[in-house]
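These notes open a run of structures that come right after.
Same chain, two partners: chain A is paired with chain B first, then with chain C.
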Partner chain A sequence: MNKYQILIWIFIAEAVLSFFLITMVALHRLFYFFVHRISNQRKKRLSGYFFKCIEENRAFDAKSYPGRRRWTKELLEVLESFNDRFHGNEWEAIKRPVAEEYLLPTARKWARSIFWKKRNQAARSFVLCPTIEDEKNILRLMDDRTFLVHHKATIAAIELESQAGIRKALVAIRCKAGSSRVFYRDALIGASHAAAEKMIAAGNEPALRLACLDVLSGKSWALPIPFLKTDLRSKNTALRRLAIRTLVRNPVADCIEILIDALKDQDEEVRCDAAKGLQIYSPLANLDCLIEALHDPSWFVRIEAARALKLAGATGKALLKKQTDSQAVEAVRYIEVFG
Partner chain B sequence: MIVIVDDDEDLLRLLSSLFKSQGYKVEEFKNGKDALAYLLDEKNIPAMNLLILDRVLPDMDGIEILTQFRKKFPKEVPVLILSVLSAEKDMMEGLKKGAIDYMGKPFSIPVLMQKVQKLISNE
Partner chain C sequence: MMRHLILMIAHWTNPFFLWYFTSINVIYTVFMIIGAFGILSRRKELAAEDLTELLSSESMPEFTFVIPVYNESENVLNTIFNLLNLTYRYKKLVIINDGSIDKTFDILLKSLELIKIPQYFENRLPTQKIRAVYQSKLHPEIIVLDKDHGGKFDAQNAGVNALRSEYFISVDADTFIEDAGFEALIRPILTSPETIAVGAGVRIVNSCTIEYHRITTARFPQKFLPAFQEIEYLRSFMLRQGLSSINGVFVIAGAFGVFSRHLILQVGGYCNSVSEDMEIIIRLHHYMKKFRLPYKIEYLPDPVAWTIGPSTLKSLGKQRSSWHFGILESLWHHKRLFFNPFYGFFGLFIFPFAVICEAFEPVVECIAWIYVLITLSLGLLNVHFLLLLLMVSFGYTIIYAIFCLLLEELSFRRYPSMRNLLALLGSNLVENIGYRQITVYWRLRGFWRFFKEIGRIRKESKRLNKLY
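Take a look at the complex of A and B:
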């Protein structure tokens, strides 16, 4: 065989190989084109059915349900998209029986799967319809090392108002570093009233107190927080900081006095948060403490105190104009310009 | 008449048919540009009883629509924002810009219907 023949054979081999690869890619694309098409058609049928149920205000009826038992992926996606739009008893009356009939049996099987995609689907199904029966599965999935699994399982545990699940989420806030803990905090901030009560009960454990206050400082809960006053006097600066933030959003009877006292705290952040808190209550507060805070060594505290005085109305604004000290005047000018 | 601006076509269709079943006339818009053109046209205002506005639209923020609408018609039509952006600061922003109510998604249909009825009868 001369060198030209060898080259021709190499060329033929390359051509065959390229043809084979192109054919495989084309077949793959064609296969997934039809898979997606079928999946979209199924989703359209299911969506249409659920919209009709909502429109006609009727509950789920297995006889008229257009789906098949094996359409779990499509059903899950459709139910999730509806769950993002609606809540309330009417939607629950449709969602719950469908999920119990068509999603949860598969989810229970897949919760122990070795494939993370199946465990993810199981966790997502539990979010839609968490039941006491599935608490063990949910708690196990909370320990999963894949984020897309334990994140959904945490939401399911909080939806279920599981005491053990809520405690696990608080432990995760305490133990996880950096941004990964933020997810648990946000999930708990979205918790129901009953779940928040359980979280506060778990916060009685000293080791979980910081994590609990971190969540409680995120919004107004309209719930009594028994350890708040103790934490406001704590020697632990981090605890005092979170306690003062929690107090601002969850006021108690003598909260103005506490905030005024906190303006003299040794920690800059506590003083700053106290001044921020007084912005809400400044029309009711004795303004002398805020005038004093205009001379605070920290720039941030001075700015927040000036802002609180501005929000106190005409008296506060008049007091701001009277300032002569250079540091206070600087803070007043900043507030005048930037608000 | 109720004007609904939402990019979620299915939801738009559902709300529209629900309101029509209650006897209201409905005008639907899927994007901000068309909605704004309609809302800023003076001749459409007298017939309008309520504007239901989504914030996340493909071409603009619902707040931008609200701001321009309120600039031209400061008090005429009550505006209800229905949006997935339902954090405290988002709600504050919507209410400050002139919305009369703010509902987060997911929402309850009976609650929305009740609010709509109340807003229209108050008007």
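Take a look at the complex of A and C:
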């Protein structure tokens, strides 16, 4: 083969490759169109069936069910979207048998799959219908390397109110650096009363205390939290910060005194949160502490203190007007404009 | 004699040029294949990802957009309202007016109803004088810093000083961000804590329809120049995808990138460079490798930001020569990484790749064309060599761009209409004639500027080396 023949071959190879790639684009367009269409039609049939069940208030009946066993993906997506919108016993009466019949057997198989997508579908199925029988599978999926698997498995464990699962979620909040723990925190914030009780019980363990307080600072909890007062006096700044945030969200009988004390804390964030807490109780509180906080070295504490005074009513507003110190006046002006 | 000399040179240069371009193509192909795997696995993730869950979260971290503006009276409000309209709830905007001499600040003052507030932050990074700090009465999440002119890097440093969140997003004043893309972008930070910076695909907004400060219809640019830029963006995005898979991304577009505030403070903030976006990424690599810290710099395939591409030759030429100048400047600042085994794979392969295949590519290409012209004028042109060179450089570029198009089609399908696809293909074929050569010229101008400013660059290099 001479050098010009080589050239021609290279040219042909490039042209064929280009043509092949362009054909792939066109074929994908066609493929996408049909696959999408078929999947949408399946979902439409399933959605129609579930709507009918809800409208006629009847339970699931395998004979009238229009789906096939292999429509797992479509069924999962439809059930998830219904589950976001419907709650209560009627919906549970439809969802559970469908999930048990068509999703869970596959999910149990897929929980051990080497493909993360299958494990993800398994975890999502467990979220829809968590059962004690599947606790082992769920706990194993919580240790999965893939975020989209272990995140869903955590939600399933909390839905199941599994003691081991809740503990695992708290451990993950404690151990996982960065922001990845926000998903566990969210899952625990949305937990049922029974699951929250189990979480607080687990929070008695000193190692899990921070994680537990982190969740409680975002959750309203009507019952007393046993370790809160101890943590408010802790030497650990992170613990104090979370404890004060939890207290603001879940007040106790003597919380005004605690918040006033916290206004003198060394940490800026603790003082800031205490001032925020006093905004709720400022009509009842001794306002001198807030006047003092108007001279705090931190701009954010000064603003929150000014806001608390403004919310204290006429007395507070009058006190704000009397301020002459430049820093306090700045904070007062800021509150006048931004509220 | 002359003829003899040229023939002697040709004996060495012909294989050199072919070897050089073929090596670049091989490396690009490797990155393309690695990147394709990354994109396809991301596509799978997207199908399983539930972003509404992310949005309804109560525990999401706050992100602050840092937007330096200098004489951006035309675009600044569009960008601000686009960011305000993002559905992500925990966001703040820090806009830095870098001593604009047009009406930018007046527009901000009136449209956002700015109120002066005390300077609530310390200047941890040195910057030009901050004249005043303002907060918007209409949108209290907006803070505006009015400062003396100091350049984009200086404005960004002032922004970093002013923010309080752990992560910030550096955005240009002519950039539009999409909701879905933005949510996808923050996920790597949430899911893998070692992520210190994230970049994402940037596209050209020129022919897109913008309604209520949002992109409602994505369209491939209708004019030649923006269309060529779009293809370049697609190609470079594929390269970065490949680099991201091996943690070797050395540039995140200045138009849009997420960074950890704490780390930027630790490495001494942005430096006085035209291409501060590239420099800061190389510095982060340099710093993390030096102290043997685990880290990840990710480049997401999801198209997130849309930016206005220059639509005249003059403005495009200015942009390209300053980009190339920036590349040279950044590489110079970190020259000790070059083939340095201490910096691992980054020092041994990625950094040399940036120097040899990115920075010096226009020089080699220019010499190749000059050489072809000389031999042609003397009647000594080796036609076989010329055809081979065209196939290696032009032919490969066309195939590469079509492959990028295929991946775009398989993953995000941002250009759903067939007409857009055909326009993309057409522009891909045309750009090799004329446009490619003119970009080489612009990039060579970057070299000229680099040699002119070498004194200042050396000084800055010394300062950077003392930082850590």
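Everything below uses one rule, namely that the second predicted complex is superposed on the first by the 304 of 339 C-alpha atoms of A that agree within 3 Å, B and C clash if a C-alpha of one lies under 4 Å from a C-alpha of the other, contacts with A are read in each partner's own complex, and residues count from 1 in each chain.
Assume a residue touches a chain if its C-beta (ideal position, glycine included) is under 8 Å from a C-beta of that chain, and two chains touch if they have at least 3 such contacts.
Just so it is clear, the structure is predicted and the values come from calculations on it, not from any experiment.
In the superposition on chain A, A:K136 makes contact with neither chain B nor chain C.
Applying the stated contact rule after C-alpha superposition, one finds that A:F147 touches chain C and leaves chain B untouched. Shared-chain residue A:H193: touches no atom of chain B or chain C. Of the two partner chains placed by superposition, only chain C is touched by A:I10; chain B is not.
Once chain A of one complex is fitted onto chain A of the other, the partner contacts of A:E90 are limited to chain B, with no touch recorded for chain C. In the superposed model, A:Y334 lies in contact with chain C only, and not with chain B. In the superposed model, more residues of chain A are touched by C than by the other of chain B and chain C. In the superposed pair of complexes, A:K176 makes contact with chain C only, with no contact to chain B. Residues 84 of chain A are contacted both by chain B in one complex and by chain C in the other. Residues 47, 51, 54-55, 83-91, 219 of chain A touch chain B in their complex.
Chain contact summary for the complex, chain A toward chain C: residues 3-4, 7, 10-11, 14, 17-18, 21-22, 24-25, 28-29, 32, 80, 84, 117, 120-121, 124, 147-148, 176-180, 182-183, 185-186, 189, 218, 299-300, 330, 334, 337-338.
Contact residues of chain B toward chain A in the complex are 8, 10-11, 13-14, 17-18, 21, 84, 88, 105-111.
Against chain A, in their complex, chain C makes its touches with residues 44-45, 48-50, 52, 57-61, 115, 117-118, 120, 135, 137, 140, 166, 189-195, 384, 387-388, 391, 395-396, 398-399, 402-403, 405-406, 409-410, 413, 418, 421, 425.
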